[in-house]
Amino acid sequence: MSRETIFNAVLALGLLLFPLWAYVADEPFMITLATRVAILALAGVGLNIALGLGGLVSLGHAAFFGIGGYAMGILAHHAQSYTPLMEVPFLIEGTKSMPVIWLVALAASALAALVIGALSLRTSGVYFIMITLAFGQMLFYFAISWPAYGGEDGLSIYVRNSFPGLNTLDPIQFFLIAYVILAAALMFAAMLAKSPFGLALNAARQTAERVETIGITPYRLRLTAFVISGAITGLAGALFADLNRFVSPSMFSWQTSGEIMIFIILGGVARLFGPVAGAALFIALEHVLGGLSEFWHIYLGLLLLAVVLYARGGIIGTLAGREVAHD
Amino acid sequence: MTEPVLSVRNVSRKFGALIASNNVSLDLRPGEIHALIGPNGAGKSTLIKQIAGGLRPDSGEVHFLGRDVTALSTVQRARMGLGRTFQISALAMEDTVLQNAMLGALGAGRRPYRFFRPVLKDRDLREVAETALDRVGLLDHAAIRTSDLSHGQRRQLEVAVALTLKPRAFIMDEPMAGLGASGSKRLTGFLDELRHEAPILLVEHDMDAVFALADRISVLVYGEVIATGTVEDIRNHAEVRRAYLGEDA
Amino acid sequence: MSFLLLIEQILNGLQFGVMLFLTAAGLTLVFGVMGLINLAHGSLFMIGAFAAAATAAATGSFVLGLAASLAAAAAAGALVEMLVIRRLYNRDHLDQVLATFALILIFSEGTRWLFGSFPLYLNIPLALSGPVTLPGGIEYPLYRLTIIAVGLLIALGLFLLISRTRLGVQIRAGESDREMIAALGIDINRLYTVVFALGAGLAGLAGALVGAIQSVQVGMGEPVLILAFVVIVIGGIGSIKGALIGSVLVGLTDTLGGVLLPETFKLFMDPASATAVGSALASMLIYILMAVVLIVRPTGLYGARA
C-alpha cells in the first residue's frame, strides 16, 4: 500500500470517527463542523475532476454550488409555503424530499455546466479562468437582483428537508447522509480517473495535440468533464443549503469559487483525497484561528501563500511524495 | 500507376510576408516511403501541419484516400486513418508508456466515453497497445513513466502510438532524431517493413536513413519543392546539391 | 426617457469606464509583460482609496490624498512584487490565481485590522463640488466630469509613455520577446518591479478618485477587479488599447443597461415586473457582452495570444 493510500484511509476514518466521538461526547457543534467538511469536500471533489484531471482552472464553480443551493431553497420554499412552483403549462409543486431535491440539483447544475462549459471551453488559459469567473458573477448578480426568491437576503427554510427512514434534524444522521454521498463521489472520481474517459481526459490536459491525432476531440472530453464536475459541485450546494437551512447569493460569490479551489490546493491538486484533506484543514483553521483572532484570514492567506510557494503538492503531496500516483 | 493514398495539390500558405509553402505538390503512393527533406526553416513543419490538419492552406487542396480533406479537422483526418508522429514528442509525460499506447488504442476504438471500468483491464485495448509496443521494442518498458524515457525511446513510443491506430498512411516527423546509431538502424529496418502495411511520408534529417529507405524523395527549399525523384535522381540533381546537400557534404 | 437624461447616463457610463480603465491598464500590462494573472490588483485599488481617505482626513487636502494614493499603492505594489509576485512568473496560472487570492485575504484583513470595519469617507474638494451646466442645458456634477478628463489624460499619458519613452520600448520588447530584453542588457527584475508598481499606482489613484463618490471600505476592490477582468478579456489581454475600448464599452453597457432595460421592458410588461426583470438582466449584461465577444473572438478584440 502506498503512503497516499494509507493517508487516505486515515483521513476517511478520521472524518467518520470525529463526529461519532462528538456524538458520544454530546458536542453537536462538532458534528456540524464535520458535516461542513464532508459537504465542502464534496464540492471540491467535483471541481477536482475538472481541475485536477482535466486541467480546467474554473474560477466559477460557485455557479454550480449556488444553483444546487437554490434548487434546494426554491423547492423547499414552495413546499413550506404550499404554493406551486408553476402551474402553466403543467403543475410543479415544491418538495421537502432530499432525494428529489438532489436529483433536481444535479440536473440543474449539469445543465448550467453544459451551457457555461460549451461557451467557456472555446477559450483556454487565462481567458478560461476569467470567463468562468464572469459566469459565476453573472449568476451572483442575477440572484441578488431577482426578488422572487429573497434577492439579496436569500431564502430561509424552517425545517431541514426529509430523507425516508431517517431523522435529518439529528445532526449525526445528517452527517452520515453527507458522508455516504462524499464516499460515493470519491469512489466515482477514483473510477473515473482510471476509466477510458479518465485516460483520454488526462492526456488531453497534457497534450491536446496528441489526443486530436488519435481521433478524439479534446473539447468534447473537457465539456463532459466540466458537466460531471459541475453536477457534483451542485449536489454539494444542495446539501450545504440544507445544512444551513438557508441559501443566499453569497453561495454564488467568487470567494466561494476561490475557497473551493483552495481546498484542492491545500490538499493537493489531482489527488483523490486532496479536497477532503483541504476542506478538513480549512474548517479546522477557521475554527481554531477564528477563535484566536478576528483577523484569521491573514493567517489563512499566509498559509496559502506558503503552500503555493513552498509546498506545491499540498498536504498529500508533502506527506506522500510529489509524484501523482497513476494506477 | 496506382492512385496515390495521399496527395498534396498546389498548396500555398503565407504568414505575413513569409511564404511558408509555395505551390507545393507531392503525393504518397501505396507501399512507398516518400521522404521529405530540406534545410531547417524550409517549411517542412508547416507543410506537415497542413497535411495532418490544424493549419489550413491559403490555397490548394489535400486529398486523402480519394477524398478532399482540406476542410477537415485533425480529428476527422485521424479517424480516416492518417497516423502521425511528432517532431517534438507529444506524449502524456505523467502517464506510463503502456497508458500512452492504450490512449492510441482507445482512439482507434472510438469509444473514449466509458466511465466505470478501468481502462487497463480492457483486454482488447491492452492487446492492441502491447502489440504495438512490442513491435517498436518498448514492451519491456511498458510500466515506466514516459517522462523517464530517453529521447530515442520517446520517438519509438510516438511510432507505437501511431501503430495502434492501424492507419492507412503515416506521417512521421523526424522519427530518427536522438536515436543513436543502433536505434536508428533498428527503426530503419522496422520502417522498411512497415511501408507494406501503409505508406509513409517521412520527414527526416538522417540522410543515411533517407537514402536507405526512400522510394522517392522530395526536396523542400524556401517553401518550394525544388525536386522530386528517386534516390539516384536526387543525389545527381544539380540544384539540390547546390541548395542542400552541398551544405551537408 | 428624456434626451437630457440619456446624455447624463452616457456621461456616467463614460466616467465609470474611465475609472475601469485606470484599474484595467495595470492588470493588462502586468499580464502582457510578465504573463501574470493578478487577483490582488483590486487590493491595490483599495489601498489607494484608504491612503487617500486617511491622508485627506489628516491634512485636509484632497490633492495630498491623491498623491498619497498613488504613492501608497505603487509602494505596496513594488513591495509585493519583490516579496511574492516575482516567484510566480514561471508558475502556471493556477498557482498565480491561488497566491494572489492569498494576497487578497492578507491585504483585506490587514486593512480591516488597521482601519476597522466601518467605511471611511473621502470628501470631494469644494472647488470641484456641485454641478456645472453643459452646452444644451445639461446639469452634471463637476467632480465626475473632472474624473473623465483626468482619466482620459492619464490614458493619453500612458499611450505616450509606451510609444515614446525608453521605458515604453522596454515594455513593448518584454511583451514580444523576453530573451530580447535580457539581450539588450535591461535589468529584467527592475523593469518588472517598475511595471508592476506603475500598474499598482494607477489602480490606487482610481481607488482614490472613486472613493470620493462611494465610501471607502474593505472589499471595495474586488467588484472593480472582476469588472477590470471583464474589460481586459473583452479588449484582449495585454492590449492597452483593448483595455481602453473594453472599459468604455463595459462602462456604457452597465450604466445604460441599468436605465434602458427596465424602460424597454415596460413597453410590454407591467411596471413592477418590468423593473424586476429589467434590472436583473441589466446586472448580467456586461457578462453577457463578454460571453458574446469571446464566442466571436476567443482572444478578445485586440488580443493576440491565448
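Here the chain labels run A, B and C in written order, and each chain numbers its own residues starting at 1.
Please note the rule applied: a contact is a pair of C-beta atoms (placed from the backbone, for glycine too) under 8 Å apart; a residue touches a chain by one contact, two chains touch by 3 or more.
Quick caveat: nothing in here was measured; it's all calculated off a predicted structure.
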If I average the CA coordinates per chain, which chain comes out farthest from subunit A?
B
So which chain ends up in the middle if you average the CA atoms?
A
Euclidean distance of C-alpha centroids - subunit A vs subunit B, Å:
43
Just the number, please: Cα centre separation of subunit B and subunit C in whole Å.
49
Using CA atom averages as chain centres, what separation in Å is found between subunit A and subunit C?
31
Junction residues of subunit A, two or more chains touched:
none
Contacting residues of subunit A [partner subunit B, same complex]
191-192, 194-200, 202-203, 206-207, 209-217, 221, 224, 324, 326-327
The subunit B residues in contact with subunit A across the complex are 52-54, 73-75, 78-79, 83-84, 86, 90-96, 99-100, 102-104, 106-108, 110-120, 122, 125, 161, 164-165
Residue positions on subunit A within touch of subunit C in the complex are 51, 57, 59, 119, 122-127, 129-131, 133-135, 137-138, 141-142, 144-148, 254, 258, 261-262, 265, 269, 295-298, 300-302, 304-305, 308-309, 312
For subunit C, which residues are in contact with subunit A within the complex?
31, 37, 84, 87, 91, 93-95, 97-99, 101-106, 108-110, 112-113, 222, 226, 229-230, 232-233, 237, 276, 279-280, 282-284, 287-288, 290-291, 294-295, 298-300, 306
